[in-house]
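Same chain, two partners: chain A is paired with chain B first, then with chain C.
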Partner chain A sequence: MSYIIGSDVVRYACTCGILKPISKLYFCRHCLEVRCGFCVCHEVDSHFCGKCAENLPSSEARLKKNRCGNCYDCPSCHQQLTTRAATVGPKNPEDPKATPRKVFYLLCLLCRWSSRDVGIPDQSAVSGGWPERENIHANRLQEIQDMYKGIVLLDKQQKLEKDKKKQRRYMSFTDRTGITASMLRKRVGLPDIPHPLLKPKPKEPEPAVAKEDVEELPEELLTKPVNLCEVTTMEQRLVQPEWQPITVEKLFPIHKQLSVKRSQRCRSCEHNVSKPEYNPNSIKFKIQLFACFHIPEVRIVTVEPLRAGKTCELLLKFSNPTQHQTVITFLPVTLEMEETKISEQVTEDKSVVDDYLLEKKQPLSLTGTGSQPSSLLHASLSRQPSITVKPRPIAVPVVADITIPTSTFILPPRDDAAEYDDSGDTHNIQDDSKLVIWRKSNKAVVKLQVTPKEDLKIGDEVVAGFTMQHIYVNTITTVDNKEPQKCEHKVKVFVTLGNLVGSE
Partner chain B sequence: MTSRNTIKIHHGSIVCEESKLRGDITIGSNCIIHPSAAIIAEAGPIIIGDCCLIEEQAKIIHRLPFDQSDKENTPVLIIGSHNVFEVDCTVEACKIGDNNIFESKCYVGNKLTITNGCIIGAGCRLTEEQTLKDNTIVYGRSCQMREGLDRPVPQTLQMDTLSKMLPNYHHLRKPNKKNQ
Partner chain C sequence: MPLYEGIGAITDKLVVVIDIGAAYTKLGFSGEFSPRCIIRSEVKCKDTGRVRNIRDYENAQDLYDLLVDFVHMLYFKYALLSPKDRPVVIIESLLCPTIFRETLAKVLFCHYEVSMMLVLPSHLVCLAPLAVDTALVLDVGYTEAIAIPVCHGLPVIHAWQALPIASQAVHGNLKTLLTACNTGINSISEWTIEDIKVRCCFVTTQKRAQEFSKATPEITTCLEVKYPLEGSRTLTIPGKVRETVYEIFFEEDNDHQCMSTMILDAILKVNVDLRIKLSENIVIMGGTAMTPGFKNRLKDELYKQLKSDRYSKLKITKFKFHSPPSKDNYTAWLGGAIYGCTELLSMKGLSRENYLKENRLPDWANMKDNLRTL
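Entry: the complex of A and B
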């Protein structure tokens, strides 16, 4: 499956200019644009542990340093550790009734590191209660943290007092009505209860002291051969920054890092394009505007051997993933004219909006209510983008020309039951027989002519591109627009056809 | 080549008939050899110890490095006891001790000597000339090595199950040697 979906032989141009296979693109239904992982806002929805699937609120996750309290990773190879059970003899072997005890230890199934390797005692409970290690610098780090918290609070306080001095002339409404304890204290003339962390001056921890006498370089480092099985690797040290063990006896299990579920939001209209369900056990989505559900998918069927300057046949298969019929038109791809075209489009849009405004204004002025037309505009489907994302030019060397066919073709809606229907295709679509050569349910194979450029060398990769225009039926309903809207959506498609072979 | 096959199987071993055994091979007692395992004694005899488990598609090949092939005396590949050769591993090591595990799809070249209690992780490729010390564990994509605390536990449970299951579904080679 991955060689069909995962490969990037057919790439679509995202609005931001990056080329990606359709499986990695989103389609915002509100601004009708293709979005990719680089041009959407990523938001963290929830933290969870990938092993025990425990959901943690973000504050707790921060408190635990984004680590799970119960699950551990191997300090040697950073894979998950599993709990293993072993039976040991009863505590008092003389007692004949005593049953053998079960004890548990941690084992890595990849590198076979176990908690017994470093002498961690076996636990009698499955969930462990494994000994936690105290960082020797914990106190110092806490002191420094407290100091900076104090500084931040002091800063805030000073700012507040500055503002207060300016406003003290008048009694504010809040003073009269909503009286809080702190306000009452102020009015009576008592000093405010200070914030527990707020001190006149944050206490500075002892400054670090420079030391002149450092440990001598042990001579055995130079004289004895190093046993690589005893020293830790760089990764092993850096994954535990608090301890940075030098030898393997000091490797202790690491709390497993939490994973996040994130939702993606379109940057221009602030609608979600992907939102997972909160439950860590669920792999479903609440919102999934993936491009492969909305934009026709293109696959390469075959291509004739590519020769420089020679025209050859290219068969592409189109499939319609939507529940609505669509019409596909080929347009030439333009790379250089990108900037001007967009500005043109913007002005065009503006004029459309102006017309719309005029239209709205006239009947309103007739009735004489004098309401704001702008608010009506906002209710319409085309929400004003909050951020305009400037598209970048597409950087791909297109080295082959596709002869753009003049005729269009229809793709029927997708029908999941069609697969089990043996009655055969009963569509009666008038096709241009030169263009469409095969058709079945929502799929069609079209024949195109492609000509690699003259100046290509043998073995060069041939990339061709075209703009696919398809009719997209938008099913989002708004207050004043109940009917699904049809619109033409264009997307640039680039196909990597393979390498050039010898030109006989 | 097939005419020179001399296969000695000690009592208690389960050797499936479909397994590919070539050359002079001696198999100790209580071994289990799966149907499509291959043991090829090309350069000289192979002697396998007791309680070895050789799984499907595992290949044990006795082949000499090119620079030693013209020596007069034929070397013998001695494999100790309690070794596990997992699915689709290729082992050409010139000496193997006891209690080793060769995990799935690993490759051990013919310049290596394996001592006791070693684990060659899944997919690891070892080709350089070296001797693996006792309880060495090789794992991961870049074949990192570490020293284990103890020998791996023998797979007795798995062996028991197999020795009950395999005779029900496969033709076996008859043990042709009595234990001394």
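Entry: the complex of A and C
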């Protein structure tokens, strides 16, 4: 596959204006638009450990600070540590019956760092119970944090009370009778409530005290030679932000950072375009609306040597990935069209500021049809409608004209069995022989005329573009529409044809 | 948001605290006492495959794309949660360029749709872990050193001092010194230079520095280091280079300014009544300040400058330094994490609705935000 996805000679224009090869695009079946990784909304689906493939619910992952409880990374080279077993003599060597004990330690198979290097005692259980380190300032910081929380909360309450007092319009009891509430409470025999402003203030820890003396320069730096093997590198320091050890004796095994599975959601219709299966062992998808399953794929077969101002032949191969027959029509590519379309949209919507199109959408209702009702139900609880970012103009210099053929051609549906059928093609398709020069099952090769612009220099990269219109059969059934619907979908395709070899 | 994310995660929203520095970005969650990760502020460009620092942008559009990729990495590789509808705390320098903060806000609000953003000035929040409200804060980062006094919880911006003497200047200096004494070695990558600086170099004492500045120093330098380069070659780092590479911090430039004068000038610009208090509450933060010997040297230099005529009107007799309960390179982040777990987020944060109304971030330099309302 690398020859297809590795080089992007054929690029499709995403709705957001970014050019990407078809393997990196999504196709939202609900709004019938091409989407890419830039213009979809990414979401974290599930947490898992990349080493032990254990699945952690997000609340647990949060509790463990997004780290796996059992797997460790090497603090020296950041590879995974393995648990090694070793046998040591029995506790009391005099006892002849005692069996040797098994102990475990951590070892990096890449750089040979081991937990014994830094004096971590061997453990008697495989899974560890490795000692954890605590931040030495934790208590003090917790106090300070509580203090700030208290101060801000008090501030907020006072503000609220101020607002409340302002709003009071009717006469108070005190004004009428001259008896205050606290007097009344005393008479009735109820305990007095303390005045809100006299509330106990949050306990304030002592502010830090500045000292006159600071860390001195360690004398041994001047006299002792530096052994680079004993001084940690920046990477080794920064993977342990809390401690940032300076010497290798203070390195400590690091809990392995978890990974996530992501799902992608179309911003304009809030449907998933890609959703992986929950299980970390599975590489399959629950939803995969990849463009290469829905949009005909274009590949360059061959192109004549390109000369400025001279027409040359270009052979393109089209293949239909869908289960439905499609008709492909060529249309000229217009880069300017985008901008006029945008400016129209902008004038329509007066509230658009600067360059963002803020399409406010209603959250999806529960009755709405969707492929995953459970997540929809949840979505209505917490999801805010997305903001649609205005597409940017397509930034590609089109320096060659493609003569747009007037005729169209048909691509039969994909049939996996036909791949192995050598009995020749049996379909009777009336083709324009000038356009279609080869055909097999769901594929066809077409011949196009391309003319690089005259002002090009030798060695310039030649990019040509056309708009491909294909018939897309939408198989999503809605309440109103039970039948699959046919619609015309347009996508702009840009082919990089190589460098100019000469002029006319 | 998937159903199995749990109800608890919805009611108690996690607040991501991000401090995007010029060289390193600190990322973590509010209420925690250390960042989850400290990573380089760079992102791999998808088109060219080149690793680019996010501050090396060409224009706003370019910066937008860089930040989209960078924030994506922060959330999905390190924070591991969806940014949508979650609040975020950003710690920034008061001297952060407008284009950077505006683009960052645009990326966070429009592309990642965070629900709320609280922007905190680094010089102010770094005092939170110390529980003090008046201090002189010196931030020695990657591109520049910035000193701003904070008085009773308010940064005194008119007294700010900034000089381009920080990591980057040291890297440049080290590079010239090393290429001068190692023939045949011309290109040493920025990260190798940093590694040499961190592992071999230090700030020497004032006494030795004075000796070095003489024509014939009568001291023995510290020992040289053989640094292996690219597997086959060896770089010799002379003892003198190891000791004196940081001297650019304390050598006065053409305007007679250096690290120590910055602090004293900042104090001079503040009201007389606060000067003593500021000099007795000095907070030094930033990764470069972690260099061995740096604080000691700065203290000595401050006393030396105090004797000169420029500062004769300062009635300061002693300087006192705070030692925050954190490593210097994440002090500001820690302050942001403490601020982020209070109600301040909901009181002062900028919500998405408000941002989309005005399409800009409040800024201290903008008169619109500085109008006094009675």
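Note that in this section the second predicted complex is superposed on the first by the 338 of 504 C-alpha atoms of A that agree within 3 Å, B and C clash if a C-alpha of one lies under 4 Å from a C-alpha of the other, contacts with A are read in each partner's own complex, and residues count from 1 in each chain.
Note that in this section contacts are C-beta pairs under 8 Å (C-beta built on N, C-alpha and C of every residue); 3 or more make two chains touch, one makes a residue touch a chain.
Note that the structure is a prediction, hence the values are computed from the model and not measured.
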| item | value |
| --- | --- |
| Touched partner set for A:Phe38, first chain B, second chain C, both or neither | second |
| Which superposed partner A:Arg116 touches (first chain B, second chain C, both, neither) | first |
| Partner chain(s) touched by A:Val248 [first = chain B, second = chain C, both, neither] | first |
| Touched partner set for A:Ser263, first chain B, second chain C, both or neither | second |
| Chain A residues touched - chain C or chain B, whichever exceeds | C |
| Touching partner for A:Ser76 - first (chain B), second (chain C), both, neither | first |
| Partner chain(s) touched by A:Leu228 [first = chain B, second = chain C, both, neither] | both |
| On chain A, the residue positions that both chain B and chain C contact, one per complex | 228, 233 |
| Chain A partner contacts - residues on chain C that touch it in the complex | 1-6, 8-10, 14, 24, 26, 31-39, 61, 68, 72, 75-76, 78-82, 84-85, 109-111, 113, 115, 128-132, 135, 194-195, 198-200, 202-205, 222-223, 225, 227-228, 243, 280-282, 290, 292-293, 295-297, 299, 318-327, 329-330, 334, 338-339, 341-344, 347, 356, 359 |
| Complex contacts: residues of chain A adjacent to chain B | 76-77, 110-114, 116-117, 228-230, 233, 248 |
| Complex contact set, residues of chain A against chain C | 38, 41-47, 57-59, 61-62, 65-66, 135, 137-138, 140-141, 144-145, 147-149, 151-153, 155-156, 159, 204-208, 210-212, 214-218, 221-226, 228, 231-234, 237-239, 241-242, 244, 257-260, 262-263, 278, 353-354, 356, 358, 374-375, 378-379, 381-384, 386-387, 389, 392 |
| Sites on chain B touched by chain A in the complex | 119, 121, 133, 136-137, 139-140, 144-149, 152 |
